[in-house]
Amino acid sequence: MTRTNGKVPGGPVLSVEDLAVAYKIRGGEIEAVQDVTFDIQRGEAHGIVGESGCGKSTVTWAILNFLGANGYVKRGGIKFLGQELVGRSGEELRRLRGDQIAMVYQDPMQALNPSMRLGDQMKEVLTVHRGLSDKEAEKRCISMLERVYMPDAANVMHRFPHQISGGQQQRVVIAMALLNNPALLIMDEPTTALDVTVEAAVLDLIAELRRDFDTGILFISHNLGVVARVCNKVGVMYAGEMVEVATTEDIYKNPQHPYTQGLIRCVPKLGSDKASSMLYPIRGRVPPPNNRPPGCVYGPRCDYFQDRCREERPELRKLPNGVEVRCHFAEKIDPSKWQPSEDILPPKVRQNGDKEEYIIEVKDLKKYYEVQGSSLKDVFGMSEPRYVKAVENATFNVPKGKTLGIVGESGCGKSTLIKTIIGLEDSTSGDAEFLGLDITGDLTTRTEQLIQELQMVFQNPDSTMNPSYTVGQQIGRPMLRFGTVPKGEVRNEVIKLLNLMRLGANYYDRLPRQLSGGEKQRVGIARALASRPDLVLCDEPVSALDVSVQAAVLNLLLEVQAEYGTTMIFIAHDLSVVRFFSDYVAVMYLGQIMEIGPADAIYALPYHPYTEALLSAVPIPDPSAKQKRIRLEGTVPSAISPPQGCRFNTRCPRRQLLPDGGKICETETPPWQEDERGHRIFCHIPRETLLTFEPVIQTKERAV
Amino acid sequence: MAVAQPTAGAVPSQAPSRWAKMWKSLSIIFESRIATVGMVLVLFWVILGLISLVWTPYPPNASEFTQNLPPNTTNWLGTDHLGRDILSRLMVGTQVILLKTRLPWGGLVFPIGVAIWGVIGSVLVGAFLGLNAGYRGGWWDQVTMQFLDALIAFPVIVLYLVVIAALGQGDLVVILAITVTGAPGVARLVRSLALDIKTRDYIRAAETRGESPWYVMFVEILPNARGPLIVDSMLRVGYAIFAIGTLGFLGIGLPPPDPDWGNMVNEARKNIFSNQWAVVWPSVAIASLVIGLNLFADGLREELTRYQK
Amino acid sequence: MKKPQISEKYMEKIHPAIPDAYQKLKEGRVSRRDFMRFATLLGLSAGAASIAAQCGAPAQPAAPPAEGGEEAAPATEEAAAASGGAIKRGGTWTSSMQLQLLDHPARLSWVEGANIVRQFGEYLTETGPDNITRPYLLDRWEASDDVMTWDLFLREGILFNNGDELTADDVIFTFSEWLNPDVGSSMLGLLSYLSGIQDVEKVDDYHIRLNLQTPNIGVPEHLFHYPAIVLHRNFEGDIIQQPVGTGAFLLEEYAEGERAVFKRREDYWRMGEDGSPLPYLDELIYVSTDKDAGVAALQSGQVNSLYDPRPSDFQALKDVPGLTVRPVSTAQCLVLRMRVDVEPWTDVRVRNALKMCQDREKIMQLAYFGEGDLSIDAHVAPVHPAYCPKDIPAYDPEGAKALLAEAGYPDGLTVTLATKNDQQEPELAQALKELAAAGGFDIQLDITEPSGYWDRWTEVDLGITSWTHRPLDTMVLPLAYIQEAIGAWNETRWTDEEFETLLREAEGTLDVEARRDLMCQIEDIMQERGPIGNSFWKKIWNITSSEFQNVQAHPTAYDLMYEVWKEDA
Amino acid sequence: MARFIIRSLVSTFITLIIVSVALFLLLEVGSGDITVKILGVFSTPEQRASYRNQLGLDDPVYLRYIDWLIGNEWRAERQVGFDLVTAPNPQTGEDTWWADVDGQLIRWSLEEGELMKLVRQEDGSTVASLADAVWTTDEGGQESFWGVDDKNNAVKWVRGEGAEVWVLTKAGLRKEGDGPQDYIPLRKGLIRGDAGKSLQYGRPVSVTLWPRVRNTLVLAGVAFLVVMPLALIFGIIAGINEGKPIDRFISVTSLGATATPEFVTGIFLILIFGIWLQWLPAVAIFTSADAIFENPALLALPVLTLTAVELGYVIRMTRASMVEVMGSPYIRTAILKGMPYWRVVARHAVRNALMAPITIIMLHVNWLIGGVVVVETIFGYPGLGKYIFDAAIFGDVNAVEAAAMLTVIIAVLTRILGDLAYTFLNPRIRYA
């Protein structure tokens, strides 16, 4: 299915030159983007990566001339198929949008009109731009939906957005974008809101479409791994500037700009762990647009900073190897000789004694929620109560001073599990003991002392702190409440903790809105530590942070663990982070732990089929790595009526290995297959068979 | 372990003084032109009312002049049908609304006016109910919301009429009526805020500290609802003044002898044929104060949302 | 115009006292108005009395004590002048008046209801706007010398609107309803001199005799008491279901709280100036609105009249073009009453001190826009026939102060004045508060809802009570100022032996002049040591669109519509 | 969706129960001794006590509530032993209560110690005769009889012990012997349309109320029909032009209109159009029951007044919603799909933007009714609002209860309508 638009092939689809975008604000204006230059050829996927606030999205809005009432292109040009877009009339732009230039957005749920049928939303692209009849449009839409592997495409046309899953919504958005076979497709973080297995499928789709449609793609992401999988060329943005543009291969293997190098050092490689590798955060933070330093914008954070960098703003220049970079000293920097400066040096991980003393022991823990149905019977409470089986028979132990990582996609019950442990919910049945004390009940059943021993670190830096109170008040509160510190000492103790978090005493009186995301997260950790707990539960503590900050926070947690010997349970959806951070890992699916054991064992053969699928879906920031492609069909079943037998049986790609196509999976609960190290797999497929799989990922260094 | 100062966090460590903080939170008002205009309007009446506590051009209830005079140099706003100075009456009329409440016992007077006490009442009751409904959820929520739904189903004026029919007139009854009619709205607002705020992680943090529900509601949640609550209260004071005016107009508002704007309109309207000014001034007073509060609230809301972003 | 003549003999036939009165009239010792009142009281038909008065009166009657008389006279003259011109028939008259439940006319307790019934029912007598009572359905009445027997002679040939003729049976039925305690008419109390229906005697079809148990001079007035509509003999208790009467209009619709609609009747017994039966108007509509809406409606011309305008309504309407305002003096007042059994009011000096603090002119100005007649501190009004004119006391705060000091309050006195926020009481109270401050009184105001005040009106120490209009002086004083009334309406607990004796005498005195002499003393006693202050008598107003002619303002706000006609707009 | 609607119905039902309890408690119990209002301030405590007994005010509150809401003849039937039925009074058409004894409608009265039986005839008149031996003897040896008296009460007479009671005749209070010892004043209850008698007008509330309800529905309906399209159009125009002069103009004007009380707007409209220009009727003078249909101009100023206040409010709501929707990602999607601007507004924005205001507007019907009270009072418009106001001022408890209940029902019904509209507009609920 190829179609040319009668445009001259050969020239770049999009050519951005010295683009500067400014926003007018009260009392002046802010240049959000400066001097951005790049080209996109037909069939090329050009990625833009960078941390939040770097101006990635602004570039896309500028291309579409959708900058809002107060934004405008201040300098530079945007050429689309050779024609200048800047200064075009609204009507001309309108004709291009949706036709020649299409866009896919981060959150498909938000991007689709909640009160219009999907078919209507799709069809109008054709009827308005191409003047097709409703019937023809419908046919085209259905075939396009089928093209993006949408099951039951004809039916989906009549549905509303809320009636299909997030992955399907994104497929609809993509199909809609492709309907007119656009020359340029702009994708702004198209998979960020999706689970990892769904993300993998969507990324596969994008790669495939790029080939088939010969479309130029501008792909925006903060995730180096995602960009590596989709793009052949990458631009790295920092503080509104393009600091490096190169092929994907070059960016990952031979980063030229110190910022690019820093970014890559921040990200844990899949399979690396805290004992064998280190994360090096970039110090400082991205400057806000109205407060950028003179000279090189990256200067204050750069390890190679020199006076020239302060005085002279580097130009984006092409190095002999074709890489474009904005650095005065690009040729002179050898990343392999880089040594971390002291302030970002990660702690040495202390190996706590091998004595396996369990601090928490959980056995067959269940958590069910009662749900209300929507039938008449339910309204009058006459039907049988139904339950969401959020956690089913969870069994695990965590040794003192160790970390248990829990991975799984959204809705797998990992959050419920730790909520039950910490006592925000009571458990439905099963046993759970913390240092021999029962913790199956909720907080109201627990003693002050027990409460004090279990604390939690939260995911969202913006909501982890109460905006109404100062840092000092919030860290001090647990001390006062549990009386761990005499009243007069609280301030000193808080400052001590702040120092441990690498925050100065001057943070004591600050309000949360004066802190950056990373700082808030550190305060959150300090608050959790304030009552000197033995067990800290970390609920995705770094997933909302930019990579450079993420590394710093992970290091901090390691340091805390080293300092206090704190035991941790660590939830994340990022398998690399979990692997890096944890001693033990549990993989959950639909409320059930599928596989649990020492971290290295999970990431190596034998895999549970679900683990295998997860691993194969992880985007790896290494274009050279070979990754097995296993994709899960369908969507996660409802937790109200999970599949009988093995909960994974409806989607398991490996059940064919069993006799009868895995009939047993549908009828019988799988056995726990355990090895001598305590690595347990919840599967009917014998361990021996599982061992025969190929490793999912093979890089030059190691195979996972 | 070496402790390094993050460079970006290097801010002068001088803690800002209380006054500076207050000024800073006030300065948010001046950020918005709308809010400033609104505040000026409101302050105008507050100051006029404060002045009237010690001085008015003429005694407000004394019929010293010719009846129904148009504005002139002696009586800047003219006189009413009983020959009383309208400006003096307007000024004193501010008092009962904004500055004082007359208790039924021995002519005792309590500071702060009926409109404001009424709103304070509805905020207290509404916040209490809304917090419990929103935070505790479940049974609490069902019962509270059902009860509030019933209250909301009453047309406000009808509820006023019923309360006043049952309890008679008086400052306290008006306060009660404003409280009763306002509380459901506040409760709904606070409930929705609480529902939102309680999903925040710092609430989880407080709960995992084993804080009591009261602590969570009043210490952790309520302060974060204050922005919208203050904005809403401003609007509510406006409604209350509107309502007091309406009740006064209907002749069942604040009891005499203090002049009541609504009642001034009511009395003057009979003579509107010969004297329009006596209707215009109290009308303008009510409208300007309500507009002032609305603008103030609107501006404040805009600034607060901008601030949060 | 040729003066008609009436022989003294004719007058004598009617009542022996009339020639005497006529003599006084001729000598100018009584005003024409007083003569009229007296003569018709004794049965001389109004027409005849009026002729007699014209004959007998000197050029101008002795200055009547009140302005009301003067103003009423031109009004009638104007009407008379107009009636000489071309009377137009047809048209609709709309008025704003609150309408309540209406069933038995005898049970009426509100004038509005009487204004409805009066349009299709009639009275035996009529007290005109001039406060003079004339025969109406009666041809005439005769009273015995001892005023114990009253003969009522019915006009013949009057038809009810259902075709039946009005006879003594109807009147006797009506009396029986009044006297039946089960009906609950306020007539029962008024006719206390009749022990029962057995005292009402049918002499023939057109002649009814009343045999009084006690003498009473007020019978004709009583027969015009507003519930005293003459009923049809078959009346069953609900006038809305059975709108049968002798009046000039027919009731088309009555909905309480909404409206009443009347159409003209073709066969009414009285003839208009043009020789055809009254009424002139085709239709009357009463719309039940509150007064405020009524005022706006009158201003905009949506209605033509407004029932009993309040002073504020009068203020609002008096300058509206197209409206004619007809004021009329009344005996309505706001009494400043002091309870003489409670300190400090036990001391007559304190009472008089407070009375001296009344700057009557100013109080009337502030409380009633000056629209009244100044009063002395006695409950006798200039419109009362036997009123004895007195000087209006002056405002004397210094005197009051001295008197207070004498009574043992050299530093003044703090008192609480209770009243209701109903008519003009708050304004009066406010004005008095300021005026009395100079006299050493610090008056605290205690103003409540009307019901709140009526709950305790007889109990408060110092209060302002509103009293309504009663046509005779002797009708009001016994209600509130005698021993017997303590526990009932004697709100001040004031009794005075001399006063009571004089009052009893006045009640039995027919001769107005003689009664006036008694009243002079009664007024003096009340001024000297009485329990009330009284600054002014209210006026009321009839405000009607100017195109309506022959409109009469009545002191009790009766709508007399039969002879009203409408000019072409 | 079914669940949503049923929930809303159930909630409505509970709401009405709560409201009725609240109303009853406030007015019947909270407003002091109602007998003072009926008998007047000059009545004696003895008279009031006797009358309280006759009105059944001595019964426990819950029983009175049930009587008030659903009637009490079922309760009285247990005492009397016969079916109790109503028959119209031939003169007034008002319902009167009778015992149905074998097809004969009967009442009783005690005269001189003898029980008289009053049998209702075809034409509505009664024939009196001596009642047969009907006295029953209870344990205490007391001979008593439960029957229906001629004042629509079920009463208990005790033989030889006629109580001295104060009877309120139309003439006022009268003391009578031969009175009953106990009373159940018969009524059908509010939900069966019997709201009792208006203390102000003396007629059954239901008779006087309905014409008023009709008038108000016409007024509020017309106002609603005027306000809604205008408000939505102006709100949308302002919303899509956020920050531009036209938005400023609409916003400021609507704020001014909202902040100006109805009574001010109304007064000046009367002055200008009714009195100065005399273009429109100044007040609503109903010279006939159907005046609004005969002369629709009567509605002009009241509707205009209501419109001025309501319009501003709804415009502000709609504008805010429109602004929010126009800033939403799916509108961005639509624009970036290259949809023409008006298509974006009409097809994508309006429907979503109307969802929030429509529910709020329906909730706002309360305010409309509140405004109606004021407007009706200013214009003397004989509607429900003025009815409530007059009744409240008069202390006409029965009328206030019935009318307030009715307003609540109207408010609640519109809320259900709002819910339905919301359901219709919002597929998330429709297809949940």
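First chain written, first letter: the chains are A, B, C and D, and each begins at residue 1.
By our rule, a contact is a pair of C-beta atoms (placed from the backbone, for glycine too) under 8 Å apart; a residue touches a chain by one contact, two chains touch by 3 or more.
What you see is a predicted model; the values in this text were computed from it and never measured.
Two chain pairs, A-D and B-D, are compared here, and B-D has more C-beta pairs in contact (counted per touch definition above).
Nearest to the global CA centroid, when each chain is reduced to the mean of its CA atoms, is chain B. As a whole-number value, the distance joining the C-alpha centres of subunit A and subunit D reads 59 Å. Per-chain CA centroids place subunit B at a distance of 30 Å from subunit D.
With centres defined as mean CA coordinates, subunit D is found 40 Å away from subunit C. Taking each chain's centre as the average of its CA atoms, subunit A and subunit B sit 46 Å apart. Under the contact definition stated at the top, the residues of subunit C that touch 2 or more other chains are 292, 299.
Among the residues of subunit D, those in touch with two or more other chains are 270, 275, 377, 395.
Residues of subunit B in contact with two or more other chains: 266, 269, 272-273.
Interface residues of subunit B facing subunit D in the complex, by the touch rule stated above, are 146-147, 149-158, 161-167, 238, 242, 245-246, 249-252, 262, 265-266, 269, 272-273, 276, 279, 283, 286-287, 290-291, 294-295.
By the touch criterion stated above, subunit D contacts subunit B in their complex at residues 11, 14-16, 18-19, 22-23, 26-27, 30-31, 255-256, 258-264, 267-268, 270-271, 275, 363, 366-367, 369-371, 373-374, 377, 385, 388-389, 391-393, 395, 397, 400, 404, 407-408, 411-412, 415.
Here subunit C touches subunit B in the complex through residues 292, 295, 299, 312-313, 315-317, 319-320, 366, 369, 421, 426-427, 430-431, 434, 444-445, 447, 449, 452, going by the rule given at the top. Within the complex formed with subunit C, the residues of subunit B that make contact are 61-63, 67, 81-83, 107, 168-169, 255-257, 266-267, 269-274. Considering their complex, residues 36, 41, 91-92, 169-172, 174, 200-203, 208, 211, 270, 274-275, 278, 281-289, 377-380, 382, 387, 390, 395 of subunit D touch subunit C.
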